[in-house]
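As structure tokens, the structure follows; a few thoughts come after it.
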Amino acid sequence: MSNAVDQIIANYAGETPGVIGNLRRLLNTGTLAGTGKLVILPVDQGFEHGPARSFAANPAGYDPEYHATLAIEAGCNAYAAPLGFIEAVAHRYAGTLPFILKVNNSDSLGGPEQPCSALTSGVKDALRLGCAAIGYTIYPGSGLRNEQYEAIRSLIAEARAVGLPTVIWSYPRGSGISKNGETALDVVAYAAHIACQLGAHIVKVKPPADFIEQKEAQKPYEQVPKATLAERVQHVVQSSFNGKRIVIFSGGASKGTSELLEELRQIAKGGGFGSIMGRNAFQRSQADGAKLLKDAMAIFKAA
Amino acid sequence: MSNAVDQIIANYAGETPGVIGNLRRLLNTGTLAGTGKLVILPVDQGFEHGPARSFAANPAGYDPEYHATLAIEAGCNAYAAPLGFIEAVAHRYAGTLPFILKVNNSDSLGGPEQPCSALTSGVKDALRLGCAAIGYTIYPGSGLRNEQYEAIRSLIAEARAVGLPTVIWSYPRGSGISKNGETALDVVAYAAHIACQLGAHIVKVKPPADFIEQKEAQKPYEQVPKATLAERVQHVVQSSFNGKRIVIFSGGASKGTSELLEELRQIAKGGGFGSIMGRNAFQRSQADGAKLLKDAMAIFKAA
Amino acid sequence: MSNAVDQIIANYAGETPGVIGNLRRLLNTGTLAGTGKLVILPVDQGFEHGPARSFAANPAGYDPEYHATLAIEAGCNAYAAPLGFIEAVAHRYAGTLPFILKVNNSDSLGGPEQPCSALTSGVKDALRLGCAAIGYTIYPGSGLRNEQYEAIRSLIAEARAVGLPTVIWSYPRGSGISKNGETALDVVAYAAHIACQLGAHIVKVKPPADFIEQKEAQKPYEQVPKATLAERVQHVVQSSFNGKRIVIFSGGASKGTSELLEELRQIAKGGGFGSIMGRNAFQRSQADGAKLLKDAMAIFKAA
Amino acid sequence: MSNAVDQIIANYAGETPGVIGNLRRLLNTGTLAGTGKLVILPVDQGFEHGPARSFAANPAGYDPEYHATLAIEAGCNAYAAPLGFIEAVAHRYAGTLPFILKVNNSDSLGGPEQPCSALTSGVKDALRLGCAAIGYTIYPGSGLRNEQYEAIRSLIAEARAVGLPTVIWSYPRGSGISKNGETALDVVAYAAHIACQLGAHIVKVKPPADFIEQKEAQKPYEQVPKATLAERVQHVVQSSFNGKRIVIFSGGASKGTSELLEELRQIAKGGGFGSIMGRNAFQRSQADGAKLLKDAMAIFKAA
Amino acid sequence: MSNAVDQIIANYAGETPGVIGNLRRLLNTGTLAGTGKLVILPVDQGFEHGPARSFAANPAGYDPEYHATLAIEAGCNAYAAPLGFIEAVAHRYAGTLPFILKVNNSDSLGGPEQPCSALTSGVKDALRLGCAAIGYTIYPGSGLRNEQYEAIRSLIAEARAVGLPTVIWSYPRGSGISKNGETALDVVAYAAHIACQLGAHIVKVKPPADFIEQKEAQKPYEQVPKATLAERVQHVVQSSFNGKRIVIFSGGASKGTSELLEELRQIAKGGGFGSIMGRNAFQRSQADGAKLLKDAMAIFKAA
């Protein structure tokens, strides 16, 4: 057992040993085992954006086997995906690679007028498939916010009882938020805080931009250091119960390697607990993708 | 056991001993124990207004531990917060500091068109976390009023059966009420009365302003003394089953100390059962916040 | 047992003995016990119109105790009120004064666009509190009519199974009905009939005015005697399954004593089963209110 | 918060905050608050042995009020009793005096051939009545052992979920155990260990005698120090997960004061967590009973 | 991933990925990770034989912490114990040390006339505590056989659905079997086969002696090589679906080191999948116990 992991786990006192055990599995797997940091491979883009937009750049990614292999080869802490992708590989990798079952998903073909993912799997699936956690997307700012907050409340309770922690993808989106506002510092920090208040064990948000969306927030943010990404990440971590909840950052759309690695350095410097990086990893060749994930781990390991 | 507490408890005859027991815990904890008065620290502003708007003024407040500590140091009767903040400290303070689990919450990023908080936790969470009560916000005046009244009815029934009393935050809001009307005397008194009729054990409202919103109410209010806040508080207490239900007053946005203390004196003079004071307490330094809470308690103790 | 009560009860053959038993309690309590007539004190105006509009004229009425006392002193058959008011006195008067729990309520601060009260308590509350019946308001004419008819259907079934009769407040209201039409003879008779068809054991309507709202009804009403209130009441009673369901009449807004007593005489003359009189009773001094109720009983007793 | 209590609570890490909170209430109430020691007043003897055998010596004890009063006056940590005795006083003392609801009971008029108490109340009763724990008797050695172990397993799970800890009265009894064997050192230590393995939060056993019942245990006990009661108590504490579960000792039949106090000194010296003392307390006058309980507390406080 | 583990896992094709995942966790933990062999530390003797008989020889063993530490230090694949012992350490070791929750237990103070353990915990406990498997004892030969076979059938189904494999302790015992017969080759092989047929994922039996209990079995056993323990173990493995189910052997009462190691060599030589060794390990000093476990692992590793 490592001090870094123990210190994080201590913030979850009061949780069931089952939840604690799975948090430990996530923190004690892969290259970053024992460091208290996480690099997770998420592959729900096929569902969210369509297969070709996701996998044409590296057609190996059409195969669910590819991603589990990539995650293991690169030494990731965990692999997150929707039901089908997990079912396709669970038999082979359960007990070796921690899975995070993404229990709700949205496609880009259509849907409700207000942003709201569909529940596509559940806690019983996660147990059946040997997963280490469930994942759920909320859209703070959506007119269907209430439905989502109430759904995640039930899911967390159900998952806790059977020893599964919950990861919340907290993505602000909806009629009251501008496109830029979705990654505004005030909005991202707020979204992280909401996820923590809803009982998330791990929170995933986007890297916050140097922009304040809400008029009422302008003044308080005058005193928040926010010039660098590291400073903004630090504020998001602070907003996540002063760092007492694990908050990780997504990489967003694929981008240049040096730009991405600099972003990760800033996240690490700001105290982010890690990165959840999909397209940037699987849209390259396996060798390049694995290298990038390993470089990411090296950055967090050094932090 | 004190006479003051016994007299209040007598108004709840017919309730289960479990509910009575938790009301006693609330009334017999902290500096005001036994006086029949309450000063409660509520910290749901991170959820309701965002973390920076709530905690940037005193960054210690980003940490859930801070508020539990502040409540204990200041001698509060109870600490009210959403699920995440309670979960982060329950293991350490359960059995010492009475928690009020705020089971619904609204953020200011977006939501349904008519005011309606999302259910973010429930009675089972409150039991699991060792809470002494649940809290729920209704918005009289909302087009979604019916949904809220029916939800709180179910929650109160569920909570009563397991010995938990219910605090209703009654905040008039909606298309039929003007901005000023939200704190109008007739509207606040009405909102308090509705909460009592719905079965609330404790009602929280805003201090009523010297303003009458509803046309039909103008005439009856001619004979209601309302020049001072104390008189207006007295009318709200009267509207809360003639003082047979505990009604407490929120402090609202942070303001100057002397202004705030004068407000509390008026509330105490008018027979208010106490104050639930968040931003005014935690947006100052810990020393100043604790002092303010203690000054508030001194005012109610003297009443 | 009295003949009058037996004759009424005979119309409910087929009901569960529990429902019959509670109908008997209502008919065999107070000054009118055994006469087959009822005078009921309802106090839901605090919820429906606000506390000051209801109680400022006689501030004793802010106190829930007051109304129970008034009902007993005056010799009423029953006392009807929302959850909170009943809970505040049930412990003291259960088994002595029959309660009718008004399980839905509407406030005048706002709400759904179409008239629809919120469900604020239920059958289990009625049992817990020792009530003799439940009461429910429907708004024939409302765009949300279907929701209300379906809700009352479930409630009656639930209540019957546990031995509780149901009183329906049948108040025509909605976009298709003119203000005058709400008390039009054809509309009131129609509303009473709908309530009977929905399975009400007791129906409450407003005294019908000499006005026909619906074009299609003009012709048939040519042959219905309707010049006097007594005749119109007779028609409403006739429309309530030819008098085989108990139908009682509300007093409406407070008015002059002699005007009110004349109205009651007409109701009695027309075969109305009684009166349900709130504001006219509790907005006077206790002595005056009790006297009025007793005068009303005298009128029905003489009928 | 006291160090002594915190150290004990740390042994229950993994429990829900609700359970922890109620353990804290038990440890932080009365004269021994904060010492980590407990003196509990149990009054189930009326059920177990009959009222006159229990209360004739001090007829005040026929009244359920007497025992709650005695427990409070003496400064006990808790009061344990069957359903009826708790119901008779819960409304008055809930929230002040922690109750332990004894959910199974046996009378001495008859029953199954093998020792087995009847389930006489449950977890929902405990919540309704505002209790801090439930209590349950097992009879290791009974031919109906399996039924009891399986029943307590379900009860503990149900109680944990709602934040209630469980006290197991572990009384060896049955055809395979001699009368002396019921308090034999090996048997009492074994009974305490079984209760801990079944998941008890607090275990109650009888003071162990200097006697070894089981043939197979003779040899291992050669090396266990057992000459004094303190040494034997120490062995029982050791057998209760090396002191990581709270184990308290009953006083048994009433006896002379000096003999009893010496017994308590030995229990305290041996590291016992406290005493649960019924007949010795309530079969004396109230003054004498309270004095004895206070003397007992003084002994544990000094330990 | 190792070939040895993959070959074993292939025999469980058709099981849920969750069950497979936990079998992998058991096979991939500790010193023997990846070898397809298991050495498991079981500590239920406190419950089965009493604490002093189990722990007096090495009093450190009274403490539940000791055994988890010993299992980790020695590099065991898993630690098996009853509810209480697991609860006492789960929070600290969940996710690190695989737990097998022994869900039924028997004490030696008394019980039903026919051998039958009591159900003392269940699948939900196993999930809550983060266990990797459940364990259950059947007594083939018991008059209560049917109850046990039916209970384990339900438990396996419940456990499978949530991803937990089941270990069956198969111990022949009952009126129709002689004392020697309990370890007779025909009886042990039969007991192993029954456990496999009941759906066990892992079977635990005692090392078979050179003795045939059943008259009808004498003749067929003439052609079964059985002179050495290795040959007899081979027959038990053969009887366990020709080695397609994992069968491990208990060590029984503590014995001399060289005798024990020779027994293990025979088990390994006969193709046994491993050893589950309690008293021989924890009744020595921690250093000696750990050394013995490591020596056992070395034997299986070399096999």
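Per-chain residue numbering starts at 1, and chain names A, B, C, D and E are given in the order in which the chains are listed.
Convention: contacts are C-beta pairs under 8 Å (C-beta built on N, C-alpha and C of every residue); 3 or more make two chains touch, one makes a residue touch a chain.
Keep in mind that what you see is a predicted model, and the values were worked out from it rather than measured.
Colleague: Under the over-half criterion for shared residue numbers, do copies chain D and chain E use the same patch or different patches to meet?
Modeller: Under half shared, hence different.
Colleague: Determine which of the two chain pairs, A-D or B-C, is joined by the larger number of C-beta pairs in contact.
Modeller: Result: the pair with more contacts is B-C.
Colleague: Could you pull out the chain whose C-alpha mean position is farthest off from that of chain D?
Modeller: C
Colleague: Please identify which chain has its centre, taken as the mean of its CA atoms, farthest from the centre of chain E.
Modeller: C
Colleague: Distance from the CA centroid of chain A to that of chain D, rounded to the nearest Å?
Modeller: Roughly 49 Å, centre to centre.
Colleague: Between chain B and chain C, what is the separation of their C-alpha centroids in Å?
Modeller: Measuring from centre to centre gives 35 Å for this pair.
Colleague: What is the distance in Å between the mean C-alpha positions of chain C and chain E?
Modeller: Computed value for the inter-centroid distance: 73 Å.
Colleague: What residues in chain C touch two or more of the other chains?
Modeller: Residues of chain C touching two or more partner chains: there are none.
Colleague: How is the touch graph of the chains shaped: line, ring, star, complete or other?
Modeller: Drawn as a graph, the chains match no named shape, so other.
Colleague: For this entry, which pairs of chains touch?
Modeller: All touching pairs, sorted by chain label, are A-B, A-D, A-E, B-C, B-D, D-E.
Colleague: Quick one: in the complex, what on chain A touches chain D?
Modeller: Answer in residue numbers: 13-14, 16-17, 20.
Colleague: Which part of chain D faces chain B closely enough to touch in the complex?
Modeller: Spelled out, the residues of chain D in touch with chain B are 1, 16-25, 28, 87, 90-91, 94-96, 124, 127-130, 161-163.
Colleague: For the complex, which residues does chain B have touching chain A?
Modeller: So the residues of chain B in touch with chain A come to 46-47, 49-53, 56-57, 59, 62-65, 82-85, 87-88, 90-92, 105, 107-113, 116-122, 124-125, 129.
Colleague: Mind listing the chain D positions that touch chain E in their complex?
Modeller: Contact set of chain D toward chain E: 11, 13-14, 140-143, 145-146, 148-150, 153, 157, 172, 174-177, 186-187, 189-191, 193-194, 196-200, 214, 216-217, 220-221, 223-224, 235, 238-239, 241-242, 244-245.
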